[in-house]
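This is the structure I want to talk about, given as structure tokens.
Lettered A, B, C, D, E and F in written order, each chain numbered from 1.
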Amino acid sequence: MLNNDFEFDNLIKIALEEDAPYGDVTTESLEIRGNGKGVFLAKEDFVLCGFNIASKVFKYIQKDAKVFSKYKDGNFIKKGMQFGFVEGHLDTLLLGERTALNFLQRLSGIATRTKWAVNILRGTKATLLDTRKTTPLFRNLEKYAVRVGGGTNHRMGLSDAILIKDNHIECMGSVTEAIKKAKKYNPFKKVEVEVKNLKEFEEALKCKPDIILLDNFSLEDIKKAVKLKSKDIPLEASGGITLENLSSVAKCGVDFISMGSLTHTVKAIDISFEIKRI
Amino acid sequence: MLNNDFEFDNLIKIALEEDAPYGDVTTESLEIRGNGKGVFLAKEDFVLCGFNIASKVFKYIQKDAKVFSKYKDGNFIKKGMQFGFVEGHLDTLLLGERTALNFLQRLSGIATRTKWAVNILRGTKATLLDTRKTTPLFRNLEKYAVRVGGGTNHRMGLSDAILIKDNHIECMGSVTEAIKKAKKYNPFKKVEVEVKNLKEFEEALKCKPDIILLDNFSLEDIKKAVKLKSKDIPLEASGGITLENLSSVAKCGVDFISMGSLTHTVKAIDISFEIKRI
Amino acid sequence: MLNNDFEFDNLIKIALEEDAPYGDVTTESLEIRGNGKGVFLAKEDFVLCGFNIASKVFKYIQKDAKVFSKYKDGNFIKKGMQFGFVEGHLDTLLLGERTALNFLQRLSGIATRTKWAVNILRGTKATLLDTRKTTPLFRNLEKYAVRVGGGTNHRMGLSDAILIKDNHIECMGSVTEAIKKAKKYNPFKKVEVEVKNLKEFEEALKCKPDIILLDNFSLEDIKKAVKLKSKDIPLEASGGITLENLSSVAKCGVDFISMGSLTHTVKAIDISFEIKRI
Amino acid sequence: MLNNDFEFDNLIKIALEEDAPYGDVTTESLEIRGNGKGVFLAKEDFVLCGFNIASKVFKYIQKDAKVFSKYKDGNFIKKGMQFGFVEGHLDTLLLGERTALNFLQRLSGIATRTKWAVNILRGTKATLLDTRKTTPLFRNLEKYAVRVGGGTNHRMGLSDAILIKDNHIECMGSVTEAIKKAKKYNPFKKVEVEVKNLKEFEEALKCKPDIILLDNFSLEDIKKAVKLKSKDIPLEASGGITLENLSSVAKCGVDFISMGSLTHTVKAIDISFEIKRI
Amino acid sequence: MLNNDFEFDNLIKIALEEDAPYGDVTTESLEIRGNGKGVFLAKEDFVLCGFNIASKVFKYIQKDAKVFSKYKDGNFIKKGMQFGFVEGHLDTLLLGERTALNFLQRLSGIATRTKWAVNILRGTKATLLDTRKTTPLFRNLEKYAVRVGGGTNHRMGLSDAILIKDNHIECMGSVTEAIKKAKKYNPFKKVEVEVKNLKEFEEALKCKPDIILLDNFSLEDIKKAVKLKSKDIPLEASGGITLENLSSVAKCGVDFISMGSLTHTVKAIDISFEIKRI
Amino acid sequence: MLNNDFEFDNLIKIALEEDAPYGDVTTESLEIRGNGKGVFLAKEDFVLCGFNIASKVFKYIQKDAKVFSKYKDGNFIKKGMQFGFVEGHLDTLLLGERTALNFLQRLSGIATRTKWAVNILRGTKATLLDTRKTTPLFRNLEKYAVRVGGGTNHRMGLSDAILIKDNHIECMGSVTEAIKKAKKYNPFKKVEVEVKNLKEFEEALKCKPDIILLDNFSLEDIKKAVKLKSKDIPLEASGGITLENLSSVAKCGVDFISMGSLTHTVKAIDISFEIKRI
């Protein structure tokens, strides 16, 4: 992810066309020519993520633009640091600036928040997971940002693992029936089941799914489930998890905690890009 | 926007392929057949936005799926309300659920937060503007959500209006020179100039741009600028505006206030989608 | 798969443009007007697969073309049977004929051969698997055809399950090291390891992967492995499996047998499409 | 074909996305870093075809990957030969391996089988032709493979030559009428007509098409047609031609023999790709 | 061409996005709601061409828009005639108007000018041909317009017929060598050769290509060539042909005359589109 | 525009595929190998435009093709001048020739005609404008050619400026109403209104739009409007403007004159491309 030369070219192309369907009229009107250097400047502390895709934005506009940094994704950047540089035509820098920042600020926002959550979990046995609550078309990028921040990816989408949710159980009529069918389907897919109360949990436990998800359980019920659980079937807690209650949930002893807000409620990191003529 | 039959089909297609590159293996493993009804349920108060694109997700999967609601974008939805319904094959509902919600929760989040900001500005002369700090590929949708929330769109991108920013002035050497050139370029584009202090402001004022943007001015400096300003040249304040200081800035008497956070720092609205077999 | 209205439209569009970049000049030169009926006729016995995508070809050309059949994918069709009908403009039928057949003949070929193999395995405990040796861009369709023929899909691609192959072990230096790392990576992915001899097999067994693949083992070695195996770790046999030796391999007691030839060496089913004016 | 830098990039891109929509999780989980060399190894004798597109797969992933071979398409490769090499990042080699092989094995399969057929025809006056029975989206590649194997391409699709088939004659009512119309249509298109018995053949002969196709004629009837034929109108035999009966058909004296199986029933060549760290 | 439901959708989509990347701000600002009727009005005499694609523009925007006309492509439309009608939402009509006209005016311009040229050739044996000098991406549409105007299409592109031009002869060294090679290449392609003087013409004649093109010959030399020509090899005249000298060239007795200006130098037909609220 | 590396790649790709869906069969049949040099030769005087995109055509086919010229877009080229050179494989030159010329001849035609019109306006206060009457998909290129020829772009499309036309006024009922609404809509868009007689002009004048367009006014009425006009509101004349009457219209004193024919009725410049083996 983000190491290959072919990835995200199309995304960048559409993003630039979206921002400048008829070109950058400000730069054109000012007839700005010549070369320049752009500096990425941190306006707050954060975990860097997306520097590669930001670099690709400029290289996509101008193949021989130069981008360099002594940091890489996952590094901690302090407020005030100049953490990256771009050299190229001034009109390249001016055209790419906003698009590059829009990627970088969002992805760094996700990585940073994930890092906070992971720090909260330190010392517990719980692993932090993301969800499918991502921005459409940004699934790979946003889940990459979660990994950069130290989190672990839940399934990537509907195709790579089986997760039986309330709506499926509603359609099937019974937890038992659903798990049985799912387990027979494909030997290469794990089967997780979401349960909404202890009764369903106990039913699920008997069917031996690969993982059980406790959805919107009270802390008390989570603890009960942890006590009842089988050694081989890890438990995931989900629903209404915030940075505030994360620690309490983890202390109940679950194996995984998934937080939708890691990707659906993102605070963009404040980063500026300052251009000088060279 | 969002009324035409052809819009966003491609976005929806890629979003669904992103979520299910090899199909929905859970639903397939459970062999869920037959028809169902899905209900959108509000888990908090919000301003509805994106119902149309959420509807299109289901109709894209199944042409004759039926989607209905007595609400439309811009309406206020109270926590607990069932505000929309989808009828179609169960596997259509299960496949489209997450993608539809991902659009709906994000766009409603933007509209809701915009509405809060607009309410804060009520009684002042200031108009709320968005910025280009949008998610790549979501410019049209996110700026639509700002309009639905009662905000006004700043320029859509680099092609539809001239905005001379600090980086341009750095390249050009002088505010005066830049404005002069830009004004001669094209009779159909407005020319706005961003200034970073009162000195630049006074220089800009003499060149008669269409709008002046006061970037990161202190409240005091904004007030001074408002006093100095020409009747014909509206002022925009920008930089570090939050819901907390929005009112104070407005009271300085500026015509426009732009907030990047309207689109770059979004809290997804909590909405669930519950499916029943029919 | 193949039930949703949006799937494969793009594939069909490119296929038609490939066949007729400047239109169907024969039909144009003959000025063939009016409506007709096309009949799909079996020239040999086979398992039907791809009727849906063949139908979509005609409907893509002409939205109100009508396609009907009393059979569906998976049904056994006897030589001489008229198993499907299309009504539409004569030029629709003539334009779509070859493209529709090219999909249908290939997919039915895969389903039919898969069914033969599955029949051979009847009475053994072995499940038939496919591989990633598919025609580029036809992964979903060809793996669907395997399911229609009664086979089970191995992982769909590089993203949905971990399979440590000889090349990975070569890079990592040790089977043990590789399995350990892989098992820690992601709780939602199964971990399978490919071993090329009994020594590697015994090493792998100790690391408790989810599945072990015996690559190019002799029948004798397969039997030894089956004896040594752990109850919880199913064994897959692979490499040089043909319809001829399939039964012998199965009788060794492996859980899965994967055959690349199911999708890489396909005999198209002989089907004709006869058009009459109506 | 296959010499230009721009060809097939899109095909390769989609093929890689198909195989790894969320990246190569095995390689990622094993954190394989560093450079390696991959070797293409022949597991059977064959005619090489598609080495160029296989090379492009790796260069598409990593622009500066190096691919070299002393062979080129059309060369005969013996079992056991190491006929090609790739140097690049280990994760490039691991990601591209299967996609590159899927192209290479299929195209080489077509070229090899075509070469067999061409060898059978040696000494006769018959030229071997392919058909439009190709895998959708692979028309150019598969017809290229036929040329590499020594065959000649029939028309590429519906746009580049007129071929009046049984379905057209059925729609037009008469062979004579159809040929007359077609000949007047466009001076730059050849007109071929397919006839299904000697009576139609004699009728066609009088109308002087550019080529006549004898569809599913018995050997006896082919011989009769060859005797009756005009010197200026070459004859093509088609329908049920196999490697077994090819020679007999050719000896009847036809000018062209077309075989659908060259492209619709392909045996993939057995080739492996072995990676070593360097 | 233009009869199938799937053609040109993509062209129309990109054309609309080009015209309105962020929507139709005039109509949005005026909040125009409700239904209307648009009338196509001829402001000069012309041959109608492209009505179908103009219709598709509106139906692409609004699936249930209604378009009707009692005329069809090829009909002669007199100045002042209301020759087509569209009913739909007012914003559909306003959004589609310019794009629909841009297609219609250009294609009708080509058909009209072609008709003039065809009329000039009436009574001569010469057939009017177009060339490959078309607007990129409009080859099919512009060559269709030539057919609608009564012209005949030369080859569609580089793939459907062999045309040996001066640059090829320059590369090959000799006319004879070039024709010989080309004739052996493929039995389904005609071989035309371009000659630039009588000497080359006589050399070409001996090699029996399918057609000979006399490039930039004087009237006198054309006449000489016509005298020398073989009965079986038709002659095409090309180069500097205008509506003024077309008749003189035809009278020399050539079989074909090709005019690049039919498609490269087009006068758009003056057509207006008037909208009324209904 | 045209300076960035990423622009127009897709346009060029589709244009080449349109011209050669199955490759360049002439060059293939002649087996032309080796390198060559192509020379662009002016067959008439013109203003160069599009050299960059013509260059990209060859570089798209062959990355290391070399293109050079001492001229650039906007330069005046005299008949007989060799104004550009391409070095590359002979088959690259032969494949790219027509596509490169089709872009170059059309864009240079627009720039040349624009230059004529601009020269006519010299000495008047009128600025020459283009319109939206462009070839679909060529908006950016054709408007660029107008700029190269010395013209000024009117709005680029429906999204970047408000232009209230007769059809809008028809829908709204009143000029006054329409302008009022439009002016309130968005502070970053200019508002122009089209009036069709002096009465509407006077009504519009009172509403203070940014620009007023006099559509199809007689010279006399244009003069009256110029007398009545406000100093701050420039006037644009439009409708039936030709190179012949352009001067008379300008002398009436309008600020802008827009001519649809600049882009909708283009005479391609006569340019040849001659290839030599090197």
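Rule of thumb we're sticking to: a contact is a pair of C-beta atoms (placed from the backbone, for glycine too) under 8 Å apart; a residue touches a chain by one contact, two chains touch by 3 or more.
Values in this document were obtained by computation on a predicted structure and should not be read as measured data.
*Asks:* For D-E, find its twin among A-C, C-D or B-C: the pair where over half of the contact pairs carry the same residue numbers.
*Replies:* Most of the contact pairs in D-E are shared with A-C.
*Asks:* As a test of understanding: of all chains, whose mean C-alpha position lies farthest from that of chain D?
*Replies:* When every chain centre is compared against chain D, the largest gap points to B.
*Asks:* Could you give the separation in Å between the centres of chain C and chain E, each centre being the mean of its C-alpha atoms?
*Replies:* Going by mean C-alpha positions, chain C sits 45 Å from chain E.
*Asks:* Could you state the distance in Å from the CA-based centre of chain E to that of chain F?
*Replies:* 21
*Asks:* Identify all positions of chain C at which a residue touches two or more other chains, and write them in rising order.
*Replies:* Residues 18, 21-23, 28, 95, 139-140, 156-157, 159-161, 186, 189 of chain C each touch two or more of the other chains.
*Asks:* Considering only the defined contacts, which chain E positions touch chain F in the complex?
*Replies:* Result: residues 11, 14-15, 18-32, 36, 90, 93-95, 97-99, 101-103, 105-106, 109, 132-140, 157-168, 170-172, 178, 181-182, 184-186, 189, 260-261, 264-268, 273-277 of chain E touch chain F.
*Asks:* Enumerate the contact residues on chain D facing chain E in the complex.
*Replies:* Going through chain D, the ones touching chain E are 127, 152-156, 159-161, 186-190, 192, 211, 234, 255-256.
*Asks:* Which positions of chain F touch chain D when the two form their complex?
*Replies:* Listed in rising order, the residues of chain F that touch chain D are 13, 16, 21-23, 28, 60-63, 89, 91-92, 95.
*Asks:* Per the contact definition, I'd like the list of chain E residues that touch chain C in the complex.
*Replies:* 1, 3-6, 139-140, 143, 156-157, 159-160
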